[in-house]
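Letters A, B, C and D name the chains as they come in the text, with residue numbers starting at 1 for each one.
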Amino acid sequence: MKMKSYTEIVVRYAETDQMGVVHHAVYPVWFEAARTDFSAKMGITYPQMEEMGIMLPVVELQVHYLGSARYGETVQVETCVQRLTSARVEFAYRVLDQQQRVITTGKTVHAWVGKDMRPMGLRKHFPQIYEKMLEAMEPESQQPGK
Amino acid sequence: MKMKSYTEIVVRYAETDQMGVVHHAVYPVWFEAARTDFSAKMGITYPQMEEMGIMLPVVELQVHYLGSARYGETVQVETCVQRLTSARVEFAYRVLDQQQRVITTGKTVHAWVGKDMRPMGLRKHFPQIYEKMLEAMEPESQQPGK
Amino acid sequence: MKMKSYTEIVVRYAETDQMGVVHHAVYPVWFEAARTDFSAKMGITYPQMEEMGIMLPVVELQVHYLGSARYGETVQVETCVQRLTSARVEFAYRVLDQQQRVITTGKTVHAWVGKDMRPMGLRKHFPQIYEKMLEAMEPESQQPGK
Amino acid sequence: MKMKSYTEIVVRYAETDQMGVVHHAVYPVWFEAARTDFSAKMGITYPQMEEMGIMLPVVELQVHYLGSARYGETVQVETCVQRLTSARVEFAYRVLDQQQRVITTGKTVHAWVGKDMRPMGLRKHFPQIYEKMLEAMEPESQQPGK
(Lines give C-alpha, C1' and ligand atoms only; values in the text may rest on other atoms or scores of the structure.)
Protein backbone atom coordinates (compact mmCIF):
# COMPACT_ATOMS: atom_id res chain seq x y z
CA MET A 1 0.00 0.00 0.00
CA LYS A 2 1.30 3.32 -1.09
CA MET A 3 0.71 6.51 0.86
CA LYS A 4 1.41 10.04 -0.16
CA SER A 5 0.08 12.79 1.99
CA TYR A 6 -0.58 16.33 0.74
CA THR A 7 -0.50 19.23 3.17
CA GLU A 8 -1.65 22.71 2.25
CA ILE A 9 0.44 25.60 3.48
CA VAL A 10 -0.66 29.21 3.15
CA VAL A 11 2.51 31.28 2.81
CA ARG A 12 2.89 33.76 5.68
CA TYR A 13 4.26 37.27 5.29
CA ALA A 14 6.71 36.58 8.10
CA GLU A 15 8.11 33.71 6.03
CA THR A 16 9.34 35.99 3.27
CA ASP A 17 12.69 37.74 3.29
CA GLN A 18 14.03 40.82 1.53
CA MET A 19 14.59 38.81 -1.65
CA GLY A 20 10.79 38.88 -1.91
CA VAL A 21 10.35 35.13 -1.61
CA VAL A 22 10.03 32.57 1.17
CA HIS A 23 13.26 32.29 3.16
CA HIS A 24 15.07 29.00 2.65
CA ALA A 25 15.04 28.08 6.35
CA VAL A 26 11.24 28.01 6.31
CA TYR A 27 11.05 24.82 4.23
CA PRO A 28 12.24 22.52 7.03
CA VAL A 29 9.42 23.98 9.15
CA TRP A 30 6.93 23.18 6.39
CA PHE A 31 8.35 19.66 6.08
CA GLU A 32 7.75 19.24 9.79
CA ALA A 33 4.18 20.49 9.53
CA ALA A 34 3.70 18.04 6.66
CA ARG A 35 5.14 15.20 8.77
CA THR A 36 2.68 16.02 11.54
CA ASP A 37 -0.11 15.81 9.00
CA PHE A 38 1.27 12.63 7.47
CA SER A 39 1.40 10.86 10.80
CA ALA A 40 -2.16 11.93 11.64
CA LYS A 41 -3.37 10.52 8.30
CA MET A 42 -1.39 7.36 8.96
CA GLY A 43 -3.42 6.87 12.12
CA ILE A 44 -1.01 7.82 14.87
CA THR A 45 -0.29 11.42 15.59
CA TYR A 46 3.11 12.84 16.37
CA PRO A 47 1.90 14.24 19.72
CA GLN A 48 0.60 10.74 20.58
CA MET A 49 4.03 9.32 19.80
CA GLU A 50 5.65 11.88 22.11
CA GLU A 51 3.20 10.92 24.84
CA MET A 52 4.19 7.26 24.36
CA GLY A 53 7.76 8.35 24.97
CA ILE A 54 8.85 8.20 21.35
CA MET A 55 10.97 11.08 20.10
CA LEU A 56 11.93 11.53 16.49
CA PRO A 57 14.75 14.07 16.37
CA VAL A 58 16.03 15.01 12.95
CA VAL A 59 19.51 13.64 12.36
CA GLU A 60 19.84 14.69 8.76
CA LEU A 61 18.23 17.28 6.54
CA GLN A 62 18.58 17.86 2.80
CA VAL A 63 16.82 20.46 0.71
CA HIS A 64 17.08 21.32 -2.97
CA TYR A 65 15.65 24.65 -4.02
CA LEU A 66 14.37 24.68 -7.59
CA GLY A 67 12.00 27.62 -7.49
CA SER A 68 10.45 29.88 -4.94
CA ALA A 69 7.22 30.48 -3.08
CA ARG A 70 5.67 33.89 -2.60
CA TYR A 71 3.39 35.54 -0.13
CA GLY A 72 -0.19 35.17 -1.31
CA GLU A 73 0.33 31.64 -2.56
CA THR A 74 -0.90 28.35 -1.15
CA VAL A 75 1.61 25.57 -1.64
CA GLN A 76 1.30 21.83 -1.17
CA VAL A 77 3.82 19.64 0.57
CA GLU A 78 3.83 16.05 -0.68
CA THR A 79 5.21 13.68 1.94
CA CYS A 80 6.09 10.01 1.95
CA VAL A 81 8.16 7.55 3.96
CA GLN A 82 11.13 6.51 1.91
CA ARG A 83 13.01 4.19 4.17
CA LEU A 84 12.38 2.56 7.52
CA THR A 85 14.49 0.62 9.96
CA SER A 86 14.09 -0.12 13.62
CA ALA A 87 16.55 2.71 14.30
CA ARG A 88 15.63 5.31 11.70
CA VAL A 89 12.99 6.62 9.37
CA GLU A 90 13.46 8.75 6.29
CA PHE A 91 10.82 11.06 4.87
CA ALA A 92 10.89 12.60 1.39
CA TYR A 93 9.12 15.82 0.43
CA ARG A 94 8.20 17.82 -2.63
CA VAL A 95 6.78 21.32 -2.36
CA LEU A 96 4.41 22.18 -5.22
CA ASP A 97 3.27 25.66 -6.08
CA GLN A 98 -0.22 26.52 -7.36
CA GLN A 99 0.77 25.56 -10.92
CA GLN A 100 1.89 22.16 -9.61
CA ARG A 101 5.52 23.01 -10.28
CA VAL A 102 7.98 21.42 -7.89
CA ILE A 103 9.75 24.30 -6.18
CA THR A 104 11.60 22.34 -3.52
CA THR A 105 12.50 18.76 -2.79
CA GLY A 106 13.86 17.51 0.47
CA LYS A 107 14.40 14.67 2.84
CA THR A 108 14.76 14.29 6.57
CA VAL A 109 16.23 11.34 8.45
CA HIS A 110 15.06 10.77 12.01
CA ALA A 111 16.22 8.54 14.83
CA TRP A 112 13.74 6.54 16.89
CA VAL A 113 14.80 7.48 20.41
CA GLY A 114 13.25 7.56 23.86
CA LYS A 115 12.83 10.57 26.11
CA ASP A 116 16.45 10.05 27.21
CA MET A 117 17.46 10.60 23.57
CA ARG A 118 18.91 7.09 23.41
CA PRO A 119 18.08 4.76 20.53
CA MET A 120 15.32 2.25 21.15
CA GLY A 121 14.37 -0.51 18.77
CA LEU A 122 11.10 0.65 17.25
CA ARG A 123 10.20 -2.75 15.84
CA LYS A 124 10.64 -4.45 19.19
CA HIS A 125 9.16 -1.82 21.47
CA PHE A 126 6.43 -0.35 19.29
CA PRO A 127 5.64 -3.01 16.67
CA GLN A 128 2.29 -1.39 15.77
CA ILE A 129 3.91 1.87 14.85
CA TYR A 130 6.57 0.04 12.90
CA GLU A 131 3.86 -1.82 10.97
CA LYS A 132 1.85 1.32 10.25
CA MET A 133 4.96 3.07 8.96
CA LEU A 134 5.86 0.06 6.86
CA GLU A 135 2.39 -0.01 5.31
CA ALA A 136 2.66 3.66 4.48
CA MET A 137 5.76 3.09 2.40
CA GLU A 138 5.67 2.98 -1.33
CA PRO A 139 5.54 -0.46 -3.02
CA GLU A 140 8.91 -0.18 -4.68
CA SER A 141 10.64 0.55 -1.43
CA GLN A 142 8.76 -1.82 0.86
CA GLN A 143 11.91 -3.67 1.82
CA PRO A 144 12.89 -1.92 5.01
CA GLY A 145 16.56 -1.75 5.88
CA LYS A 146 17.89 -4.16 8.43
CA MET B 1 -22.53 45.29 8.77
CA LYS B 2 -20.38 43.34 11.12
CA MET B 3 -17.53 41.09 10.06
CA LYS B 4 -15.53 38.69 12.13
CA SER B 5 -13.19 36.37 10.39
CA TYR B 6 -12.02 33.06 11.84
CA THR B 7 -8.71 31.59 10.75
CA GLU B 8 -7.62 28.08 11.64
CA ILE B 9 -4.03 27.61 12.66
CA VAL B 10 -2.48 24.18 13.16
CA VAL B 11 0.22 24.60 15.81
CA ARG B 12 3.67 23.74 14.46
CA TYR B 13 6.36 21.94 16.44
CA ALA B 14 8.80 24.70 15.55
CA GLU B 15 6.46 27.17 17.25
CA THR B 16 6.89 25.59 20.67
CA ASP B 17 9.70 26.45 23.07
CA GLN B 18 11.27 24.62 25.96
CA MET B 19 8.40 25.66 28.23
CA GLY B 20 6.40 23.12 26.20
CA VAL B 21 3.97 25.66 24.78
CA VAL B 22 3.83 28.02 21.81
CA HIS B 23 6.43 30.78 22.12
CA HIS B 24 4.95 34.20 22.78
CA ALA B 25 6.54 35.78 19.67
CA VAL B 26 4.56 33.40 17.45
CA TYR B 27 1.22 35.10 18.15
CA PRO B 28 2.02 38.24 16.11
CA VAL B 29 2.78 35.90 13.20
CA TRP B 30 -0.60 34.22 13.64
CA PHE B 31 -2.29 37.62 13.84
CA GLU B 32 -0.67 38.47 10.53
CA ALA B 33 -1.83 35.21 8.93
CA ALA B 34 -5.31 35.99 10.24
CA ARG B 35 -5.13 39.50 8.76
CA THR B 36 -4.22 38.04 5.39
CA ASP B 37 -7.23 35.77 5.64
CA PHE B 38 -9.47 38.60 6.84
CA SER B 39 -8.55 40.81 3.91
CA ALA B 40 -9.17 37.98 1.43
CA LYS B 41 -12.63 37.40 2.94
CA MET B 42 -13.27 41.14 2.81
CA GLY B 43 -12.73 40.99 -0.95
CA ILE B 44 -9.30 42.52 -1.40
CA THR B 45 -6.22 40.52 -0.61
CA TYR B 46 -3.15 41.84 1.15
CA PRO B 47 -0.91 40.88 -1.81
CA GLN B 48 -3.27 42.82 -4.09
CA MET B 49 -2.92 45.85 -1.85
CA GLU B 50 0.87 45.58 -2.01
CA GLU B 51 0.65 45.41 -5.81
CA MET B 52 -1.45 48.58 -5.75
CA GLY B 53 1.38 50.22 -3.84
CA ILE B 54 -0.31 50.12 -0.46
CA MET B 55 1.83 49.05 2.46
CA LEU B 56 0.48 48.43 5.93
CA PRO B 57 3.42 48.33 8.31
CA VAL B 58 2.64 47.61 11.94
CA VAL B 59 3.15 50.68 14.09
CA GLU B 60 1.86 49.22 17.32
CA LEU B 61 1.39 45.73 18.73
CA GLN B 62 -0.26 44.62 21.93
CA VAL B 63 -0.72 41.07 23.16
CA HIS B 64 -2.23 39.70 26.36
CA TYR B 65 -1.43 36.09 27.15
CA LEU B 66 -4.17 34.36 29.14
CA GLY B 67 -3.43 30.74 28.38
CA SER B 68 -1.24 28.74 26.08
CA ALA B 69 -1.40 26.71 22.91
CA ARG B 70 0.26 23.35 22.48
CA TYR B 71 1.64 21.31 19.64
CA GLY B 72 -1.08 19.01 18.35
CA GLU B 73 -3.80 21.61 18.73
CA THR B 74 -5.67 23.60 16.10
CA VAL B 75 -6.48 27.09 17.27
CA GLN B 76 -8.72 29.76 15.78
CA VAL B 77 -7.81 33.39 15.39
CA GLU B 78 -10.82 35.71 15.46
CA THR B 79 -10.10 38.97 13.67
CA CYS B 80 -11.97 42.21 13.26
CA VAL B 81 -11.30 45.82 12.32
CA GLN B 82 -11.70 47.95 15.39
CA ARG B 83 -10.90 51.41 14.19
CA LEU B 84 -10.28 53.03 10.82
CA THR B 85 -9.00 56.40 9.71
CA SER B 86 -7.51 57.60 6.48
CA ALA B 87 -4.09 57.25 8.11
CA ARG B 88 -4.43 54.12 10.21
CA VAL B 89 -6.30 50.91 10.77
CA GLU B 90 -6.53 48.89 13.96
CA PHE B 91 -7.23 45.17 14.07
CA ALA B 92 -8.26 43.22 17.17
CA TYR B 93 -7.67 39.50 17.66
CA ARG B 94 -8.66 36.69 19.98
CA VAL B 95 -7.00 33.29 19.80
CA LEU B 96 -9.32 30.46 20.82
CA ASP B 97 -8.19 26.96 21.68
CA GLN B 98 -10.15 23.81 20.81
CA GLN B 99 -12.35 24.25 23.90
CA GLN B 100 -13.17 27.78 22.72
CA ARG B 101 -11.23 29.30 25.57
CA VAL B 102 -9.59 32.61 24.79
CA ILE B 103 -5.88 32.05 25.23
CA THR B 104 -4.63 35.33 23.79
CA THR B 105 -6.02 38.71 22.87
CA GLY B 106 -4.22 41.29 20.85
CA LYS B 107 -4.34 44.30 18.65
CA THR B 108 -2.21 45.75 15.90
CA VAL B 109 -2.24 49.29 14.59
CA HIS B 110 -1.08 49.85 11.01
CA ALA B 111 -0.25 52.92 8.97
CA TRP B 112 -1.53 53.33 5.43
CA VAL B 113 1.66 54.18 3.58
CA GLY B 114 2.98 54.01 0.05
CA LYS B 115 6.00 52.09 -1.18
CA ASP B 116 8.12 55.02 -0.01
CA MET B 117 6.84 54.36 3.52
CA ARG B 118 5.25 57.82 3.61
CA PRO B 119 1.66 58.30 4.75
CA MET B 120 -0.95 58.51 2.02
CA GLY B 121 -4.56 59.34 2.59
CA LEU B 122 -6.37 56.02 2.12
CA ARG B 123 -9.79 57.60 1.82
CA LYS B 124 -8.69 59.96 -0.91
CA HIS B 125 -6.40 57.65 -2.88
CA PHE B 126 -8.13 54.30 -2.46
CA PRO B 127 -11.76 55.09 -1.59
CA GLN B 128 -12.95 51.58 -2.46
CA ILE B 129 -10.61 49.98 0.03
CA TYR B 130 -11.58 52.52 2.62
CA GLU B 131 -15.25 51.68 2.04
CA LYS B 132 -14.70 47.93 2.19
CA MET B 133 -12.80 48.31 5.46
CA LEU B 134 -15.51 50.56 6.84
CA GLU B 135 -18.19 48.02 5.97
CA ALA B 136 -16.21 45.31 7.68
CA MET B 137 -16.24 47.18 10.94
CA GLU B 138 -18.57 46.31 13.73
CA PRO B 139 -21.79 48.31 14.07
CA GLU B 140 -20.94 49.86 17.42
CA SER B 141 -17.67 51.23 16.11
CA GLN B 142 -18.76 52.34 12.67
CA GLN B 143 -17.80 55.92 13.34
CA PRO B 144 -14.30 56.07 11.90
CA GLY B 145 -11.84 58.48 13.44
CA LYS B 146 -11.16 61.74 11.63
CA MET C 1 21.23 51.87 41.94
CA LYS C 2 20.26 52.19 38.35
CA MET C 3 20.88 49.52 35.77
CA LYS C 4 20.47 49.69 32.04
CA SER C 5 21.79 46.86 29.99
CA TYR C 6 22.75 47.18 26.33
CA THR C 7 22.65 44.13 24.09
CA GLU C 8 24.08 44.12 20.58
CA ILE C 9 22.08 42.36 17.93
CA VAL C 10 23.42 41.73 14.44
CA VAL C 11 20.43 41.75 12.11
CA ARG C 12 19.96 38.40 10.35
CA TYR C 13 18.84 38.00 6.77
CA ALA C 14 16.14 35.59 7.91
CA GLU C 15 14.74 38.38 10.09
CA THR C 16 13.87 40.57 7.13
CA ASP C 17 10.64 40.32 5.18
CA GLN C 18 9.62 41.36 1.68
CA MET C 19 9.19 44.95 2.85
CA GLY C 20 13.01 44.96 3.00
CA VAL C 21 13.20 45.55 6.75
CA VAL C 22 13.15 43.46 9.90
CA HIS C 23 9.76 41.81 10.41
CA HIS C 24 7.80 43.22 13.33
CA ALA C 25 7.49 39.84 15.09
CA VAL C 26 11.28 39.67 15.44
CA TYR C 27 11.43 42.46 18.04
CA PRO C 28 9.89 40.37 20.84
CA VAL C 29 12.61 37.80 20.15
CA TRP C 30 15.27 40.51 20.46
CA PHE C 31 13.66 41.75 23.68
CA GLU C 32 13.94 38.22 25.02
CA ALA C 33 17.61 37.96 24.03
CA ALA C 34 18.15 41.30 25.75
CA ARG C 35 16.38 40.03 28.89
CA THR C 36 18.66 37.01 28.94
CA ASP C 37 21.62 39.34 28.74
CA PHE C 38 20.18 41.68 31.37
CA SER C 39 19.69 38.89 33.86
CA ALA C 40 23.22 37.60 33.30
CA LYS C 41 24.60 41.10 33.94
CA MET C 42 22.39 41.35 37.02
CA GLY C 43 24.13 38.28 38.40
CA ILE C 44 21.60 35.54 37.95
CA THR C 45 21.03 34.01 34.56
CA TYR C 46 17.66 33.11 33.13
CA PRO C 47 18.70 29.46 32.66
CA GLN C 48 19.71 29.40 36.34
CA MET C 49 16.28 30.70 37.27
CA GLU C 50 14.65 27.95 35.22
CA GLU C 51 16.82 25.38 37.00
CA MET C 52 15.66 26.80 40.34
CA GLY C 53 12.12 26.16 39.16
CA ILE C 54 11.31 29.77 38.36
CA MET C 55 9.47 30.41 35.12
CA LEU C 56 8.81 33.85 33.74
CA PRO C 57 6.18 33.52 31.05
CA VAL C 58 5.22 36.68 29.22
CA VAL C 59 1.72 37.79 30.15
CA GLU C 60 1.73 41.05 28.26
CA LEU C 61 3.66 42.48 25.33
CA GLN C 62 3.64 45.96 23.86
CA VAL C 63 5.69 47.26 20.98
CA HIS C 64 5.76 50.63 19.27
CA TYR C 65 7.47 50.76 15.89
CA LEU C 66 9.03 54.12 15.12
CA GLY C 67 11.56 53.16 12.48
CA SER C 68 13.02 50.04 11.01
CA ALA C 69 16.13 47.92 11.13
CA ARG C 70 17.84 46.56 8.06
CA TYR C 71 20.02 43.59 7.22
CA GLY C 72 23.65 44.62 7.57
CA GLU C 73 23.02 46.72 10.67
CA THR C 74 23.93 46.08 14.26
CA VAL C 75 21.31 47.39 16.64
CA GLN C 76 21.35 47.80 20.41
CA VAL C 77 18.58 46.81 22.75
CA GLU C 78 18.47 48.89 25.92
CA THR C 79 16.75 47.01 28.72
CA CYS C 80 15.64 47.92 32.22
CA VAL C 81 13.29 46.71 34.92
CA GLN C 82 10.45 49.13 35.21
CA ARG C 83 8.25 47.62 37.85
CA LEU C 84 8.53 44.73 40.27
CA THR C 85 6.13 42.97 42.56
CA SER C 86 6.18 39.58 44.18
CA ALA C 87 3.86 38.37 41.40
CA ARG C 88 5.13 40.21 38.35
CA VAL C 89 8.03 42.00 36.73
CA GLU C 90 7.92 44.48 33.90
CA PHE C 91 10.79 45.14 31.53
CA ALA C 92 11.07 48.13 29.21
CA TYR C 93 13.11 48.19 26.00
CA ARG C 94 14.36 50.61 23.41
CA VAL C 95 15.98 49.42 20.19
CA LEU C 96 18.59 51.83 18.86
CA ASP C 97 20.02 51.75 15.38
CA GLN C 98 23.63 52.57 14.51
CA GLN C 99 22.86 56.31 14.52
CA GLN C 100 21.43 55.93 18.03
CA ARG C 101 17.93 56.60 16.77
CA VAL C 102 15.20 54.81 18.69
CA ILE C 103 13.49 52.56 16.17
CA THR C 104 11.33 50.57 18.56
CA THR C 105 10.16 50.79 22.14
CA GLY C 106 8.48 48.02 24.03
CA LYS C 107 7.60 46.45 27.28
CA THR C 108 6.92 42.96 28.52
CA VAL C 109 5.15 41.94 31.69
CA HIS C 110 6.01 38.56 33.19
CA ALA C 111 4.49 36.44 35.91
CA TRP C 112 6.68 34.77 38.54
CA VAL C 113 5.42 31.20 38.38
CA GLY C 114 6.70 27.75 39.22
CA LYS C 115 7.12 24.81 36.87
CA ASP C 116 3.42 24.09 37.34
CA MET C 117 2.72 27.55 35.87
CA ARG C 118 1.08 28.63 39.13
CA PRO C 119 1.97 31.94 40.78
CA MET C 120 4.52 31.79 43.55
CA GLY C 121 5.48 34.70 45.74
CA LEU C 122 8.93 35.71 44.52
CA ARG C 123 9.73 37.83 47.55
CA LYS C 124 8.93 35.04 49.95
CA HIS C 125 10.38 32.09 48.04
CA PHE C 126 13.36 33.69 46.32
CA PRO C 127 14.20 36.81 48.33
CA GLN C 128 17.69 37.09 46.83
CA ILE C 129 16.35 37.29 43.31
CA TYR C 130 13.74 39.77 44.41
CA GLU C 131 16.48 41.93 45.97
CA LYS C 132 18.71 41.75 42.91
CA MET C 133 15.84 42.76 40.68
CA LEU C 134 14.93 45.58 43.04
CA GLU C 135 18.48 46.87 43.00
CA ALA C 136 18.50 46.81 39.23
CA MET C 137 15.55 49.13 39.06
CA GLU C 138 15.93 52.78 38.34
CA PRO C 139 16.00 55.22 41.28
CA GLU C 140 12.82 57.03 40.38
CA SER C 141 10.87 53.81 40.26
CA GLN C 142 12.42 52.01 43.21
CA GLN C 143 9.11 51.74 44.98
CA PRO C 144 7.98 48.29 43.95
CA GLY C 145 4.27 47.68 43.66
CA LYS C 146 2.54 45.87 46.47
CA MET D 1 45.69 31.30 1.95
CA LYS D 2 43.29 29.49 4.18
CA MET D 3 40.39 31.17 5.88
CA LYS D 4 38.11 29.85 8.55
CA SER D 5 35.77 32.24 10.20
CA TYR D 6 34.28 31.70 13.66
CA THR D 7 30.98 33.31 14.56
CA GLU D 8 29.63 33.35 18.09
CA ILE D 9 25.93 32.71 18.52
CA VAL D 10 24.15 33.14 21.83
CA VAL D 11 21.29 30.64 21.85
CA ARG D 12 17.91 32.36 22.09
CA TYR D 13 14.99 31.05 24.09
CA ALA D 14 12.78 31.38 21.01
CA GLU D 15 15.13 29.00 19.20
CA THR D 16 14.34 26.09 21.52
CA ASP D 17 11.42 23.74 21.04
CA GLN D 18 9.52 21.47 23.39
CA MET D 19 12.26 18.84 23.15
CA GLY D 20 14.26 21.30 25.28
CA VAL D 21 16.94 21.92 22.65
CA VAL D 22 17.45 24.21 19.69
CA HIS D 23 15.00 23.40 16.89
CA HIS D 24 16.65 21.85 13.83
CA ALA D 25 15.40 24.56 11.45
CA VAL D 26 17.37 27.18 13.38
CA TYR D 27 20.75 25.90 12.16
CA PRO D 28 20.31 27.15 8.57
CA VAL D 29 19.63 30.58 10.08
CA TRP D 30 22.85 30.36 12.08
CA PHE D 31 24.74 29.24 8.97
CA GLU D 32 23.43 32.33 7.23
CA ALA D 33 24.50 34.61 10.08
CA ALA D 34 27.91 32.93 9.91
CA ARG D 35 28.07 33.53 6.15
CA THR D 36 27.33 37.19 6.70
CA ASP D 37 30.16 37.32 9.19
CA PHE D 38 32.48 35.35 6.90
CA SER D 39 31.94 37.71 4.00
CA ALA D 40 32.55 40.75 6.19
CA LYS D 41 35.85 39.24 7.39
CA MET D 42 36.72 38.42 3.79
CA GLY D 43 36.44 42.11 2.99
CA ILE D 44 33.17 42.40 1.15
CA THR D 45 29.92 42.30 3.03
CA TYR D 46 26.83 40.45 1.92
CA PRO D 47 24.74 43.67 1.98
CA GLN D 48 27.40 45.28 -0.27
CA MET D 49 27.05 42.39 -2.70
CA GLU D 50 23.29 42.84 -2.77
CA GLU D 51 23.78 46.54 -3.48
CA MET D 52 26.06 45.60 -6.37
CA GLY D 53 23.21 43.52 -7.74
CA ILE D 54 24.61 40.17 -6.70
CA MET D 55 22.19 37.73 -5.13
CA LEU D 56 23.23 34.45 -3.60
CA PRO D 57 20.12 32.35 -3.17
CA VAL D 58 20.57 28.96 -1.54
CA VAL D 59 20.08 26.16 -4.04
CA GLU D 60 21.04 23.30 -1.75
CA LEU D 61 21.19 22.77 1.99
CA GLN D 62 22.52 19.83 3.96
CA VAL D 63 22.67 19.47 7.71
CA HIS D 64 23.84 16.62 9.92
CA TYR D 65 22.78 16.77 13.54
CA LEU D 66 25.24 15.11 15.90
CA GLY D 67 24.34 16.75 19.17
CA SER D 68 22.23 19.60 20.40
CA ALA D 69 22.49 23.16 21.62
CA ARG D 70 20.67 24.48 24.64
CA TYR D 71 19.40 27.80 25.83
CA GLY D 72 22.06 29.45 27.97
CA GLU D 73 24.89 28.29 25.74
CA THR D 74 27.07 30.25 23.35
CA VAL D 75 28.00 28.22 20.30
CA GLN D 76 30.50 28.88 17.54
CA VAL D 77 29.85 28.43 13.86
CA GLU D 78 32.99 27.63 11.86
CA THR D 79 32.60 28.61 8.22
CA CYS D 80 34.68 28.11 5.13
CA VAL D 81 34.32 28.19 1.36
CA GLN D 82 34.62 24.68 0.05
CA ARG D 83 34.12 25.05 -3.64
CA LEU D 84 33.84 27.95 -6.05
CA THR D 85 32.88 28.29 -9.69
CA SER D 86 31.71 31.22 -11.73
CA ALA D 87 28.16 29.92 -11.27
CA ARG D 88 28.15 28.62 -7.72
CA VAL D 89 29.78 28.75 -4.32
CA GLU D 90 29.64 26.14 -1.59
CA PHE D 91 30.10 26.89 2.10
CA ALA D 92 30.76 24.31 4.79
CA TYR D 93 29.91 24.77 8.48
CA ARG D 94 30.56 23.14 11.81
CA VAL D 95 28.70 24.24 14.93
CA LEU D 96 30.76 23.79 18.10
CA ASP D 97 29.36 23.87 21.60
CA GLN D 98 31.18 25.37 24.61
CA GLN D 99 33.18 22.14 25.08
CA GLN D 100 34.31 22.38 21.44
CA ARG D 101 32.23 19.37 20.51
CA VAL D 102 30.86 19.42 16.98
CA ILE D 103 27.10 19.34 17.35
CA THR D 104 26.15 20.02 13.73
CA THR D 105 27.82 20.01 10.34
CA GLY D 106 26.34 21.44 7.22
CA LYS D 107 26.82 22.84 3.80
CA THR D 108 24.99 25.28 1.58
CA VAL D 109 25.33 25.69 -2.16
CA HIS D 110 24.50 29.09 -3.65
CA ALA D 111 24.00 30.36 -7.17
CA TRP D 112 25.58 33.63 -8.29
CA VAL D 113 22.59 35.39 -9.82
CA GLY D 114 21.54 38.94 -10.59
CA LYS D 115 18.51 40.77 -9.26
CA ASP D 116 16.47 39.06 -11.98
CA MET D 117 17.45 35.72 -10.41
CA ARG D 118 19.24 34.70 -13.62
CA PRO D 119 22.76 33.26 -13.53
CA MET D 120 25.56 35.72 -14.19
CA GLY D 121 29.18 34.75 -14.57
CA LEU D 122 30.80 35.88 -11.33
CA ARG D 123 34.33 35.60 -12.68
CA LYS D 124 33.57 37.74 -15.69
CA HIS D 125 31.32 40.34 -14.10
CA PHE D 126 32.80 40.62 -10.62
CA PRO D 127 36.39 39.38 -10.89
CA GLN D 128 37.44 41.01 -7.60
CA ILE D 129 34.82 39.13 -5.65
CA TYR D 130 35.74 35.94 -7.42
CA GLU D 131 39.38 36.49 -6.46
CA LYS D 132 38.59 37.27 -2.83
CA MET D 133 36.49 34.14 -2.57
CA LEU D 134 39.20 32.10 -4.20
CA GLU D 135 41.78 33.39 -1.75
CA ALA D 136 39.52 32.51 1.13
CA MET D 137 39.41 28.88 0.11
CA GLU D 138 41.48 26.27 1.81
CA PRO D 139 44.79 25.28 0.19
CA GLU D 140 43.80 21.72 -0.58
CA SER D 141 40.72 22.81 -2.43
CA GLN D 142 42.10 25.84 -4.24
CA GLN D 143 41.31 24.42 -7.64
CA PRO D 144 37.92 25.93 -8.38
CA GLY D 145 35.49 23.93 -10.49
CA LYS D 146 35.22 24.82 -14.16
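Criterion: contacts are C-beta pairs under 8 Å (C-beta built on N, C-alpha and C of every residue); 3 or more make two chains touch, one makes a residue touch a chain.
Being a predicted model, the structure only gives us computed values, none of them experimental.
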Sort out for me whether C-D or B-D is joined by the greater number of C-beta contact pairs.
C-D
Using mean Cα positions as chain centres, tell me which chain lies farthest from chain B.
D
Whole-angstrom distance, CA centroid of chain C to CA centroid of chain D, is 30
Once you find the CA centre of chain A and the CA centre of chain D, what distance in Å lies between them?
25
Can you check how far apart chain B and chain D are, centre to centre, with Cα atoms defining each centre and the answer in Å?
36
At least two other chains touched by the same residue of chain D: list those residues.
13-14, 19, 25, 29, 32, 71
The chain C residues in contact with chain B across the complex are 19, 24-26, 28-29, 32, 55, 57-65, 68
Show me the residue ranges of chain C that touch chain A in the complex, using the header's touch definition.
13-14, 16-21, 23, 25, 71
Per the touch rule, the chain B residues reaching chain A in their complex are 10, 12-14, 29, 32-33, 36-37, 45-47, 70-72
